[in-house]
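Next come the structures, one after another.
Shared between the two complexes below is subunit A, which has subunit B as its partner in the first and subunit C in the second.
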Partner chain A sequence: MAQFVQSTRGFGMLWKRDFMNLLTSPVMLLTNTLFPLLLILILGYLTRGQYGDTVTSYDYYGITLLVFHALNVSMTASNSFMERKLRASNMRVLYSPIRTSWVYLSKILATFVFTTLCMGMLAVLLVVLFGVYFGGKDAVYVFVALALFHLFSAAFGVWFCCLWKSEELANKILNVVNNVLALMGGLFFSWDSLGRTAETLSYFSPVKWVVDGLFRIVYDGSLWSFIPLVSGLLIGTALLLLGCKWTFRTEEMV
Partner chain B sequence: MNAFGCLMRLNMQRMASRKAYLLVTYVMIVLAIAGAVLLANYGGMKVKLAVVGALDRLSGLERFQVESVNDAPPVSSLVRQKYDGIITVQVDGAFEVLTIKGEKLEAEIREVLAGGTIPDEPQRGIGTTMMGFLLMILLLQGVMFLTLFGEDRESGTLRRTALSPAGLKAYLGAQCLVAFLMLYVPTVVIICAARLGFGLELGYSLPAIAMLLIVPVLLAVGFALFVMAACRSSDNAVMTGGALTVLTCLLSGTVYAVTNEQTWWKYITQWLPQTQWMSVVGKLEQGLAISQWIGPLSYVLAWVAAFMIAGWAVCARRYRAGHY
Partner chain C sequence: MTPMLEMNHVSKLYGEHHALKDLSFQVHEGEILCFLGPNGAGKSTAIHILSTVLSYNEGRISFRGTRVEEQLSHYKRKLGIVPQDLAIYEDVTAEGNVTFFASLYGLRGDMLRERVAEALQFVGLYDRRGDKPRTFSGGMKRRLNMACAIAHRPEILIMDEPTVGIDPHSRNHILESIRELRDQGSTILYTTHYMEEVEEISTRILIIDQGEVIASGTKEELKELLGDEKWIEVELEDASELSEERLFRVDGVKQVEKHDNLLRIATVKGIENTDKLMAFFVNHGIKVKHFTSLAASLEAVFLQLTGRKLRD
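Up next, the complex of A and B:
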């Protein structure tokens, strides 16, 4: 029991350290707040002619670009996990008497909390600045789903690091993979308007499923897409954590 | 010169060992071309309407694409632009129009339904679309192909090479040339394959494409060199470069044409090299004379030169100051 308490305290300290690392990194702060906001502002402005007054372009991009932000959480996570500066400290933690898995679990949790807070701030700003509609009372479901997507994404980024054994490589691949998935999923412009072939292609991107589910919650008032979405993300996260357990090697931290 | 050749060969070998970069880059180039062809074959942006009930007044109209449905689609299909409008026809022939795209479109639909006509809007050609997609991908991937520079800087190889008889100029020159070749040659090969193998019409002749592509690849390499030199770590450079590329490409209408241009908007975006590049390829595809596009083309080339010189200057200054 005493060991358990001590171990938990170790986790808390690790988590606090990781969280502070994220909070004090200007690059992480900017990519998680200013960058999505600018994208929404620019894309919303550019395409406002394609929408009317009832549903504005900001309503569309407010939701799709929050999903884009959630997708890019994977890069924040991989950055917080294996950045060169952190490798030595990770190594020391691995040799201390706490569980190995807590090194990456605390990174995932710290990233999740940090980016979800950023998303909350973004959402408030979006509502105040552009009057983005998140579904009124159903907004709770939208943000729960988005937060779970953040968790999934954080686990994905960390797993990718474990898989490729280097943060640089993982980030470079993630950068491309995320952008392709986002583009295909219609986050920057909707592929549904480009005909049947494009629409089918678009559904190959899992991002599209998430966006589709969110739009259904917001605009159709039907919650039947919420359960599959949430359970899918939770199962995905669990699988990724298992993947981390299998692919994480202490010696790669050197 | 011998040192330069040696550096080139080594860089080529190092780059060739990174299969993941190469594969991702080349797959994305293929996707860009496929996407442009798909867009062009679909005929650009039509107004898509879902019709509940029987209505034959819209068939045969160029600008509309009509789909008959049994039940009215949900509002979310309007938001994600599957349809631009839903028309519900009652038994007595009266109809209701539901659209979220503003009163202008609703008025247009009503006008057409009442028997009127509306003019077509000009569309972007397949070659221009393809060049726009390619430009964005090349800019994104250019930074990847210069990561060797960042790594050498961090590991101290750069300092040692710069102190050797090869020198800093030859080192940077070799890096840029390798990046250029590894982006340019495969892109041209892929386009040749698409043209000759699949017989796709791409808007320009093959020699013209080969000539044209030199400019975006040069721009990508120049931009990459500048970002790599300006950022302290190669990691930050990749992220900064990616963010800058995505933002500026969207602003300049590289990915899709900006429809609601206003004077002040043009004033802000026209200085971007991507905007000028899109006007070059657009005018070329329309077959306009050289005097029409030589101006913007030289403007883009001036950006390339500026990026290269600035990148080299930053690198040389930091090297002299002992940062590496």
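Up next, the complex of A and C:
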């Protein structure tokens, strides 16, 4: 029991350190706050008037680009896990008597909390600055689903690092993968309008499921897609954690 | 007496390449065992294996007689590692760094604060405890790297080239600290490229090459291995015209190795032939840039055993 308590405290210390590393990194802060905000501002402004009176361009991009931000959390996670500057310090953590799995679990949790807080901040700004509509009383479902997508994405980024053994390579591949998933999910334009095949392909992108589910909650007030959506994200996260357990080897940090 | 740490017939393979080949050695309580070997000899591999971050293919590693894998958490608590790469957070204060790493070993509250202060004082950084390492010199960072490894008071400290590329002041400070740790009864496994450090601090030396132990013993025991030889190193301006065979005509010359413009000559210890060797080069019109006698030094032992200088 005492060993469990000590081990849990060790995890707490590690998590706090990883969270602080993210919080004090200007690049991570800008990537997770200013960059999505500017993107929403620019795309919303350029396409203003194209979405009718009920739904504004800011409403549309407010949600789709928060999903895009959530998708790119994978790169924040891989950065916090294996970035060159942090690699040696992570190595020293591995010398200590804490569980090996704490190392990647802590990165996933720290990334999840950090990026979810950033998303919360962004959402408040979007409501205040552009009056973005998140579903009124159903907004809580939107943010729970988005937060779980952050968790899924953080686990995806760390698993990718375990798989490719390097943050640089993982991020190069993730960059392509994320953009393809975002395009197929119709985040930037209506991918489905490209034809039947494109529409079928879009269902292979989890982004499509998340965006469709969120729009149904926001504009139809329909919660039927909420449970399958969050269940899918939780199961996906669990599978990715198993993937980390199977693929993470301390010698890859050497 | 049971050794504190023992590597027994350990082998490590990378594909077909043997990084360690049946490596066996013991570290005894209270000693400073210096681990020597040219680049690629397997020193770092051995250290990564001992620090449990690298697996091995065959053999056994024991800590106080019990297999490490059977007491992994206990073993890690007793171990302090000073890695070759700086393993510190550049944007966290010196005190914050030591506190964080020490807390992973279960230290809390007053004890944590005391040990952190003690470790920072020990490496001479207590006055800079509130500063971030990115404002430190290379030597100060190395000292902080050491403080992070000793705050939990490990029973055995593994140091992988802790003085690489630092100023003489920090280097002296680190060597002084190591001597102090030894006097306090700590056990240290130390790797370095600097032979003078080995001469200064070692109680026992282990020389490895190509993943195998090729010699071990105290400084004196290793120097005995030279037998009746002494080695002379001569750097010539241009050795292309030199016929090595003619050098054997000089009294006492037993062996000649030529690497570009560098000659390593083994001669019989009792024969004073330095003047004759110099005369040989002068008579053949070959300009000598440096002439060094490596007699009875560890460098000479190393050269004889591995055919290379330590920093080759």
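Methods note: the second predicted complex is superposed on the first by the 247 of 254 C-alpha atoms of A that agree within 3 Å, B and C clash if a C-alpha of one lies under 4 Å from a C-alpha of the other, contacts with A are read in each partner's own complex, and residues count from 1 in each chain.
The working rule: a contact is a pair of C-beta atoms (placed from the backbone, for glycine too) under 8 Å apart; a residue touches a chain by one contact, two chains touch by 3 or more.
For clarity, every value in this text was computed on a predicted model and none was experimentally measured.
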Have a look at subunit B and subunit C on subunit A after the superposition and call it: clash or fit. fit
Cα-centre angle that subunit B and subunit C span when viewed from subunit A, reported as a multiple of 10 degrees: 100
Touch test for A:T250: subunit B only (first), subunit C only (second), both, or neither? second
Now for A:T24: first (subunit B), second (subunit C), both, or neither, which partner does it touch? second
Return first, second, both or neither, reflecting whether A:I235 touches subunit B, subunit C, both chains, or no partner chain. neither
Subunit B versus subunit C, judged by how many residues of subunit A each one touches: B
Of the two partner chains, subunit B (first) and subunit C (second), which one does A:A88 touch, if any: first, second, both, or neither? second
If you take every C-alpha pair with one atom in subunit B and one in subunit C, what is the shortest distance in Å after superposing? 14
Residue numbers on subunit A that touch subunit C, as the complex places them: 3, 6, 9-10, 13-14, 17, 20-21, 24, 85-86, 88-89, 91-98, 250-251, 253-254
Across the complex, what residues on subunit B touch subunit A? 20-21, 24, 28, 31, 38-39, 42, 45, 48, 74-82, 84, 99-103, 105, 140-141, 144, 147, 233-236, 238-239, 242-243, 246-247, 250-251, 255-256, 258-260
For subunit A, which residues count as touching subunit B in their complex? 27, 31, 35, 38-39, 42-43, 46-55, 59-60, 75, 79, 83-84, 167-169, 171-173, 175-177, 179-180, 186, 188-190, 192-195, 197-199, 211-212, 215-216, 218-220, 222
Subunit C - residues contacting subunit A, complex: 48, 51-55, 72-74, 76-77, 79, 81, 83, 85-92, 100-101, 103-106, 108, 148
